[in-house]
Each structure stands twice: as C-alpha cells, then as structure tokens.
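One structure is given below, encoded as structure tokens.
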Amino acid sequence: MIKKILIANRGEIAIRVMNTCREMGIKTVAVYSEADRTSLHTQYADEAYCIGPAPSNESYLNTDKILEVAMKTGADAIHPGYGFLSENANFAEQCQKEGITFIGPDAYAINTMGDKITARKTMTAAGVPVVPGTAEPITDIDAAVKKIMEIGLPVMIKASAGGGGKGMRLVEKEEDILSSVQGAKSEALAAFGNDSVYIEKYISSPHHIEFQILADKHGNCIHLFERECSVQRRHQKVVEETPSPIMTPKVRQEMGQHAVAAAKAVNYSGAGTIEFITDDNLNYYFLEMNTRLQVEHPITEQVVGIDLVREQIKIADGEKLSVKQEELSQHGHAIEMRIYAEDPDNNFMPNPGTIHHIQFPLGPGIRHDTYVHNGYKIPIYYDPMISKLVVWGNNRMEAIDRMKRALSGFRISGVKTSIPFLSRILEIDDFKKGRYTTHFIPKNEEELQKRETCTEDGENIAAITAFVAFQNQLQKQIVSSPNVVSSKWKEFGRKKAVTRL
Amino acid sequence: MIKKILIANRGEIAIRVMNTCREMGIKTVAVYSEADRTSLHTQYADEAYCIGPAPSNESYLNTDKILEVAMKTGADAIHPGYGFLSENANFAEQCQKEGITFIGPDAYAINTMGDKITARKTMTAAGVPVVPGTAEPITDIDAAVKKIMEIGLPVMIKASAGGGGKGMRLVEKEEDILSSVQGAKSEALAAFGNDSVYIEKYISSPHHIEFQILADKHGNCIHLFERECSVQRRHQKVVEETPSPIMTPKVRQEMGQHAVAAAKAVNYSGAGTIEFITDDNLNYYFLEMNTRLQVEHPITEQVVGIDLVREQIKIADGEKLSVKQEELSQHGHAIEMRIYAEDPDNNFMPNPGTIHHIQFPLGPGIRHDTYVHNGYKIPIYYDPMISKLVVWGNNRMEAIDRMKRALSGFRISGVKTSIPFLSRILEIDDFKKGRYTTHFIPKNEEELQKRETCTEDGENIAAITAFVAFQNQLQKQIVSSPNVVSSKWKEFGRKKAVTRL
Amino acid sequence: MSYQIDINGNIKDFEILNRNENSISARIDGKVYDLDLLETEPGLFNIIYKGKNYNFEVIPKENKTFQVATSKNTLEIEIIDAESRYMKNRKGAEEEDAAYISTPMPGQVVKILVEEGQEVKGGETVIIVSAMKMESEYKVVKDRIIKEILVKEGDNIEGDQPLILFE
Amino acid sequence: MSYQIDINGNIKDFEILNRNENSISARIDGKVYDLDLLETEPGLFNIIYKGKNYNFEVIPKENKTFQVATSKNTLEIEIIDAESRYMKNRKGAEEEDAAYISTPMPGQVVKILVEEGQEVKGGETVIIVSAMKMESEYKVVKDRIIKEILVKEGDNIEGDQPLILFE
C-alpha cells in the first residue's frame, strides 16, 4: 500500500498531485530548489526538503538527491509530474532498484516510445497508422515516383541530408511529380552533395488530436477519449478542448482502439497519451506517445469524471482498473487555457516578477489549477506557466461563454500575462466555429494582435483615480491621521503594513 | 429578448446570477444598501445604484426604489435571488404592471404555495402525498380514535389552540390511543380552555429530501432529481448532497413525478423546489414548495450539468425547455457545505469582522460560490453566510474525501467560521455511511463539539513564531532597514503598506 | 536575552539562540528547535522543522500578546519580558473586575437600559447589542454605579470597545 | 490647486473641485466628473460614475507617474505640478540619451561582453541576460565608453536596475 509519496516536481502540477494524495489519505513529501523555498508546493506538503540550487539540473533533475530524500522520509513512491524526470527511463530504473515505486510506466515503455524510429516501427507492427512515407532514403527517380503514387498526393519530398528548406518540394498535382523529384534531387545534390530524398505524406490542414489512456499492470487498458490541442504557438499548446469539434463517434471509436493498441504494444502501465496528427477528413496518424501525465489532463477529468492522478496511484499500487471501457462516456465540454507570465504585446517575452494581487474567477463550471498567490515572486528559472484555467459547460458554446466570463473576472497584477491574448482567441470566428488547425494562430495573427482601447471617459476617470492615489500617498507621508474611533482592525492593518516593509 | 437584468439581491447569490448573465451576454445592474458600497456584488455588475440605508426593509425590500432603478436603467428583467423579494407575490405583480419581467413564477403560484393550508389542499387534489392528518380540529373522542386508526401509528396529537408542547402526545402503541387522546384533550382544556385537537402522522426518522423542478411557460415541466438536506442545525441546512444516500431509482422516479405534478398544479413557471419529508422506509410527504432558486442549487448543477440560472432566464424570456426528462441523468456525487462567519466553539455566535486573509481551495472537483475577499468587512446587517463550498466526486466517498481536502486547504483569518465544525461532520460515522436524519446534529452533538489540540512541538514552534512576529514588529518600529539592493517591488510594497493605513 | 513565554496559560522559559534570516534556533524549557521560518505574507508564516511543514497565522493582540492559528486550534501566546512582568504585577492589583462593559464582536447598539449615575444590581441587563439579526443582552456581574455611557442606541460598535464605564 | 495631467502622452488640464471621503468631483479639460471612488484594497479602486462601474488598479511608478490598469488596457499617467514642470525642463537638457543599460524585467546575467573603460560602437552587444530560459542581448544605441559595470555574470537582477554605466 502506498502511504507516502514524494512529488519530484514543482508548481501547479505538484499541488495538483498533492491534492489527490490528501484525498486518498496519502502523506506527501515535497522537494524544492533554493529558489522555491517560497513556492506553494514547498509549504503545501506534509514534509519538505531542499535538494539543491535553483538550476533544474542541480535540483529537480538531481536523481541521487531526490532518491536520498525518498529513502530518508520512507516514501513508498515517487510521482514525477510532467517535465523534469517524468520521461527519464534511467530514473524509473533507479527507483525500481531502490524499491521505490515510480508512478509511471517501466523503462522499456519509456525507451521504446522515446525513440522516434523504434516507436514508428513498433506502431506499424501493432497496426497503428503512422504518417505514410519512406522508411529508407531513395536515390532512384523511378522508385521515388512509384513511392509517391503509393502514398498518394499531396506529399513532401525532403533531402535526406537536408535542412533549412533546401531540397524540399511540396507536390500537390500528379503532373508535377516527376519535375519535383528531379528538382529536389538536383537541389539536394548542389546543396549537400547527396541527392537521396525521403518522401512523406503531406498533411495540409493538420489537427493535433491526442487520446488519454490508462493501463494497469494486469493487461487491462482503456482510453478516456480525445483532446483537441491544435491551438498552438511555436509548437506550444495554448488552448485544449474536449471533445474535439471535428470528431465523429465512429472515428473516435477507431482512434481509441488504436490508442489502446499502441499502449499495449509497449506493455504500458499508468496514464499515457497517444498523439495523432489528423487531417480535415479525419485521416489520422500516430505522432508520438507521452509516457506521463499531460499538462492538459484536467479537461479529460472534467468530461469523463475520472481523477487521473488517483488512477495513476492505484495502478502503481498494483490495483486493477476499476472501470471498463463501456462504462465511460463524455459528459459536456471542457476547455483549458494556459496562463503564462509573459507579455503578449511584446512578442510573448517572459515577464517574471512579483504578483501584487490576484483575483480568481469562481462560481459554476470553473476549475483552477495554480500555485501562485498574492505576493508570490515568480522565479526566473522555470517555466513561466502560472495557472491553468479550465471551464466546463453543458456544450461547447456554453464552455466558450464561460471561459470568456472567467477570463474577464481573472485579474492578476504585478506581472503581465497571456490573458488578453487568450481572450482574443475566443473572439476569432474559426475558433468559435471549431474550424481550426495547427495553423490557427499564424493564420489569425492580425486579429490576435488587436488592442482594445478605453473610452475618453474611462481615461479621464483613470486619471482622477491616479490623482487620488497620489494624494493619498502624500497625506500618509506627512501625517498619520488621528483615529476618531479606536479600531482594532485599523491597528491590525497598521501592524500588518509595518511588517510588510 | 432580455438584454439587461437588475439583480435585487446581494452577497454570493448576486454574484452567481451575474456570472450567468455575463456568460449569456446580458448586462447587469446591481442595487446596494449604504452598508454594501464595498460589497463585491456592487463592483461586479456593469452598473450599480444605491437604494437606501443598511436595514433590509429600507433597501433590499424597498420595492418602489428597486423598480425605479429598473426603469431608469432600462432593465428588461429583475432576478430576485433567494430571500428578500424572491417569494413576494406583490412584487411579482408590481413588476408585471411596469412591464418588467420578474424572473420567477407568477403571483398565483407564489400565493398558492405560500399559504400552507391552500398548498396542502392543492397538493391533495393533484394526487401529491401530504403528511396524513386531520384537516379540521376534532373534539369528539371516538372520531379522534377513528382518525388515528385511519392514519396508522405512530401519530402526534396536538392541541388546536396549543403551543409550547402543552396538550401534545406522541402515540406509538395501539393500547395507548384512548388514554393519549383523553390526556391530550384534558390537558388542552386546562391550558387553553379548548379541548379540540389535531392528529398528524408522526415521522420518527425524518429526512429532508427536495426535488428541483423547471417549468416553462408552455406547459412543459421536468425535475432534476433530488437533494438530501437532512443535516440541519436549528432548522437551518448545513450540508446538502445529491444523490441522496437513501434514495432508490424507483422512489426517485415516483417522487420526481409527484414533484412535477405539484408544480403543474399551480401552473408553475421557472425554477422551483418541492420539499418532502421522508422516513427511513422512503415514505414521503409534500412539505412545501420554494418558489425560487434555492441556496443549495449548485449541487444539482454539478451532478445534472444544467445551469439553473441560465434556464431561469430563458424561461422568463418565454423560451421552451430545451431538455426533456428522459435526456437527464445524475452524474457522480456533489456535496455543498455552507460556511458562516460564526463561532462554532461559542454557541455559533455570529462573528462579523474584517477578513485579513483568505485562501481558497482550488483544483479538481471544487466549486466555490462566494463574495468575500481579502480585506472585506462583513457587514452586521445581513446573513452571516460567506461562502458555499461545493465539491464533485465520481462517487460519494470521493466527494467526501474531496470535501475534507478542500476544508483543510481553506484558510480564512480575521473572522471565525464554521469550517472546523463542518470538518467534524465529515468524520462522524453516521455521515460517512449516509445514515442520517434531521436529528443528526443533536444526536452527534458530543462528538461534534470535540476540539483538536496541537502537539507540544507544534505549540512550541507556534511560540517561537509569535516571538519572531514580535521581534519583526519591534525592528520595524525602530528603524527602517537600509536597502542594499534598490528594488522597485520593495518600494511598491512600502507604498502599498502606507496606503493601507 | 532570556524571556518567558505564556502558551495558553503554560509559562515556559524561552531563549533565542541564533537568528540568521530564515534560520532560527531557539530553546524552550530546555528543548532546542532549529527552524526554517518564513513570513509568506504579512502575518502568515511557514515553518519547516525537521522536514515537517507547519503553517501558522499570527495575529497581534494588545501589548505582547499574539494569537497563533494552527491548522487544528488557536493558541494565545504572550511574550513576558521584564517590562511586562512589572506591568502584570502592577495591573493585578488595580484590575480585579472589568471597569466597563464591552462586546466580543462588532454589532449595533439596540437598547441602553441605564442612565449615567444609576445604580445597578449584579445580574441586571444594561445594554442590548445585535449582530447579524441575533440580539444579546449584556449584564453587570455585581452591583455597580454607571459612570459614563459612551455610545447611543443605533450606534455601530467595534468588538472589545468600551460601551459603558462603571465608577 | 490646478494641475496638468499626462494621460498616455495627452496633456490635459486638471482640477479637483471637491473631495469628501468617497465623493470626488474633478474637472478635466473642462468636463466635470462626479465620482464615487473607493479604494477596495491597497492599489485597487472601484469607481461608480453615472451608475457605471469602473475597476482600476493603480501602480505607483517613480516620481508622480502611475500605471493604471483598466479592464481593456494599461495607461501611463503623470501628475504634472509646478515641481515636476521644473524638474522636467531641467532633466530635458541633461538626459538626451540613457546613461546606462538596464533590462525591463528581472532575470540573470548570462554574459558581460565588455570591460570598464572599453569603447564600444553603436549596435554592439554589451550584456546578455536570461529570464525564464530565454536569452536577450542588450546593445548600445550609439558609440559609448563603458564607465562602470555594476553586476557580474550569474547575478540575479531586478527590472530597470542599472547594469552598466556609460561615461
């Protein structure tokens, strides 16, 4: 029985894991870097140990030190969260050697899925579709043309030695095949001294759709349906939703079966995610598997009603899955938006600093996974994501309206955040209609950069407010006003104020 | 089309209604008393108007003033929340006269359900079970005995002119019937000069179970299942949950049908609640109907997935119900706990004051409806309920564990709250097993009054902490320490601190 | 410097051995505590002691008294130094009974039942105060003479504010 | 007293006509505003004007400059009184170009590419600073001589802190 878990992570995900541990009556051990003494995860756990200086490789990636704390505190298991050590096969093995349960799959599954070529071969063998293309480089023109006809248009021809777009050709029409192959080869030869090429199916309107799976150590595996993660900026997910607005029940069932097959092919156990690239016609191909809890896992929890961290812990503890595939269904619609401390009006520059004041949106359909609070100084060493705002609605439109409401009531001051940018996403027609691909953000760049302005009355009132703040400042500097009514609270306020300095 | 709503209420319910309005793109008008200028509902609306002094009868019950604001601002509708004007038939009529939509049923439904005797007659006519008993006082002993045999034991005999327990007899055994009737009559005669009595079925293990209904203006009515509200202190609900732990699918269906029949009998429209008194064997009897939104409506929203305020507004706007009974189901389990500013260790004395610091529990499965925030001074004029904490879990045990986790992470300082008392409820065996009646709190009083204590180490560390706070205080009073590194944030902190005075 | 410290009525010897930013070492009744002590927000403290987390809120009361709220209960803690020992002895003699009526919480004065100069018997109600729709009667413990009435009916009052003074 | 006020670069005449607790009456460029203005928490203001709600956060910057965050955007507002008018004129002559390099946000010094006394050409990078795994190069605008380097590699720095001074 797992009775104590060390959480080898920080930020919102550490808090997230600790919440479920508390609910299960499991004690928690936090580890923290010197930069994180003030971080909520350090203070939220039952126990907390410093494991090194701020840089991750000296603390959150310091496997020896983390294992030492686990041994010392008598932790039965380690939850790696996402990032850091979560997909580190060596660490999983180290844990096993020390008799500590690693909450995640075994090293074999991590290694197999971690290497692109091995993963592709394993998936092909398991009957999971992969992006059609050549497995080996081709030099012969006829063989190339034959391969293209096999794959079907459109295709992308890429120089095997290539890079920087040289020797690349997109072929969309049949009459262009021969000339494109010739062109790519001669360009590749000129650029790299090597005219061999790869050919790959080109997905012109790609959607990033992933499936959540859960597998126990007794050979049972289920999927918890899809997440649509196509709204991305520089390959970073920005918005996730489930169900996907383009999904059909038939394709969902097929993809789910393939996701389960993918997990079974590596004898997977725990929670994992199979990412598929999908086109507008719902042709889908295995992209990769994330062998850990995903940042965006809450939207699945909201719609399927399963606590994924609880399941992870139960699986790690050797329990059988308690739900069957046919018992699961999707209920309503959930959207997650990732809130970063960054300046969307200044090329998304990270914007660490101290949070003066934070006001969370509350009320129906709002879930909030965060670790920041009033007065918290966001450290400069780690990911600038400060919170995940998740909404649930009875249907997609209700969820979007709720997210708008939530963002409008979410006020953080002291640091700039991506909130204004996220609000603008919700206003874009393609998003509202659910017709978007991974090109969504570049495609709508102009509209997404629009700035709102204040009315003239608003500006003038703001000026009067600034003046009042100025006057208040002056008054307090000159004289501390006499108290007409003696008030304990006022005194308390004064004491607090003094302590703050 | 309703485009602007005046919310004739304050506190969490005003915020709750405004949230849905924002999601629907409807503008909001707040009204506030002089004591509520600093209240969040005043600041959260698009517009806000003062309607009078602190006492409710001069502000929140001032119908003329409220209607005047509605006319002036061009509000299409008024949402009364719960309490205040929500069950005021005259106000509903006044609104109608002025051409403003009252979001609730019409005066006829409010009046019929507002009068106990009329309601009972109407329900009997509609085939809804009521607590068996005499409709008229009885003086004849034989008639009384006959009636008792009809109703079946146990029964309560009550003096019609009575009060204070005089002339009351509980009859549980057949052999006691005659002597009890005689005893009650003679006691009543001696005490009140009138020996007529009422006879009523006695429910020895009463459960308070209520059904949520929704009815449109086109004759359609559905129910949204039950809420179990038996955990009460002095007839005030403290904890509510759904589904009820004692309910069966068969009885649920029957009660639901009776709830719909009850609503239809008064030509109801809007959201309403039918309260039933239910015994351990699931015999149930109509108690009363609340012709408004209920405090505990969120647990139904969490489990059924319908936003009840949204439905209220749509119904008031003349729309037909968009869901059918057979499309509804209960999904998981939800619990609400009401958090009051009161001192559970001092006979639940109200404990208004200023909130120094508040930290909300967040993360999976938590919903929070509140209006308080750091620095808010709870006024002494209104209900001391400051927040409704709602959790959702996949099943009842998960919901209870989640509520424990939520309460343990919920910190409010400055005012005493019922949180410690609520935490103790969750530890009581009868609650954990779902075997409780409205006698739950008196029955478990001793255990509910238990105080936890700190370890000796905990006490000593607290003492050191107090000493450090004392030292910090002294230091700041004597000298403001020189800044080694110039820091904008420190300066800001100082300015903030000064402004606080 | 050595102090005494009163924890919920238990008086213990107290000494700070060392303090260096967050690191604090102190001795209480002979036991040494090495703490990592952090004020996370004004009045809120997080302490790590032997790896275990403690989260406390400290609310300064009058003089050198503090309320410390733990996750389980609230402790009354008083720092006793030379000055407060002196004051304590002095006060003890003077204040054997309260010199005024006050309420434990804020509210509104509903009714004042006495006049200045009036003699009242022990147990008599002198003032009624309401808070959140609940009215409470405040009585004198023993026979007193009303010296001064500091509030009038309808006034909003703070908690622990003197309302009526006795001779 | 009459002031000028600079709102995002627009200078307007400004006068407070009356102030009585929350009630404030002010004239800006001839238009009178009667406001109910409340500081709800330090730096947070709620204003009701003609029944409409405005929620602003005011962040004091150096001197008499304030940042006001509205629900839509952030305004830079400067109070211009006699003193600041004088200072402005004086400063204008002295500071035609920045006298030092600083960063707009906190971070860590990754690399310093110059030495004290060194001459650098306009456009040359003098320091590299990282914040949250992103590195930024800071360059001089025109030819300068390095007077003093106030930080070293590895230092954590605040935003707007002088890092390298020029002659």
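Per-chain numbering from 1; labels A, B, C and D assigned in written order.
Just so we're on the same page, a contact is a pair of C-beta atoms (placed from the backbone, for glycine too) under 8 Å apart; a residue touches a chain by one contact, two chains touch by 3 or more.
Just so you know, these numbers come straight off a predicted model, no measurement behind them.
Asks: Using C-alpha centres only, name the chain that sits farthest from chain B.
Replies: Centre of mass proxy via C-alpha means gives D as farthest from chain B.
Asks: Sharing over half of the contact pairs with B-D by residue number is what counts; pick that pair out of A-C, B-C or A-D.
Replies: It is A-C that reproduces the contact pattern of B-D.
Asks: So which has more C-beta pairs touching, B-C or A-C?
Replies: B-C
Asks: Averaging only over C-alpha atoms, locate the centres of chain C and chain D and give their separation in whole Å.
Replies: 44
Asks: As a quick test, compute the distance in whole Å between the mean CA positions of chain A and chain C.
Replies: Spacing between the chain centres: roughly 49 Å.
Asks: Based only on mean CA positions, could you tell me how far chain A sits from chain D in angstrom?
Replies: From the centre of chain A to the centre of chain D is 35 Å.
Asks: Mind pulling the residue numbers of chain A that touch at least two other chains?
Replies: 44, 353, 356, 373-374, 408, 414, 469, 472-473, 489, 492, 495-497, 499-500
Asks: Hunt down the residues of chain C that sit against at least two other chains at once, touch-wise.
Replies: Within chain C, the residues that touch at least two other chains are 39, 41, 43, 55, 59-60, 159.
Asks: Looking at the complex, which residues from chain C come into contact with chain B?
Replies: Of all residues in chain C, those touching chain B are 3, 5, 7-8, 12, 14, 16, 19, 24, 26, 28-29, 31, 33, 35, 37, 39, 41, 43-45, 47, 49, 54-60, 64, 66, 68-73, 75, 77, 79, 104-108, 130-134, 136, 156, 159.
Asks: Using the touch rule from the top, collect the residues of chain D that touch chain B in their complex.
Replies: Those residues of chain D that touch chain B are 22, 36, 38-43, 46, 48, 51-53, 55, 59-60, 158-161.
Asks: Under the touch definition given earlier, write down the residues of chain A that touch chain D in their complex.
Replies: Within the complex, chain A contacts chain D at residues 341, 349-353, 356-357, 380-384, 408, 411, 413-414, 451-454, 457-473.
Asks: Give the list of chain B residues in touch with chain D in this complex.
Replies: 29-30, 37-38, 42-49, 73, 373-375, 485-489, 492, 495-497, 499-500
Asks: Using the touch rule from the top, collect the residues of chain A that touch chain B in their complex.
Replies: 15-16, 19-20, 22-25, 44, 298, 301, 305-307, 310, 331-332, 353-354, 356, 359-360, 362-370, 373-374, 377, 394, 398, 401-402, 404-405, 408-409, 414, 469, 472-473, 476-477, 480-481, 489-490, 492-501
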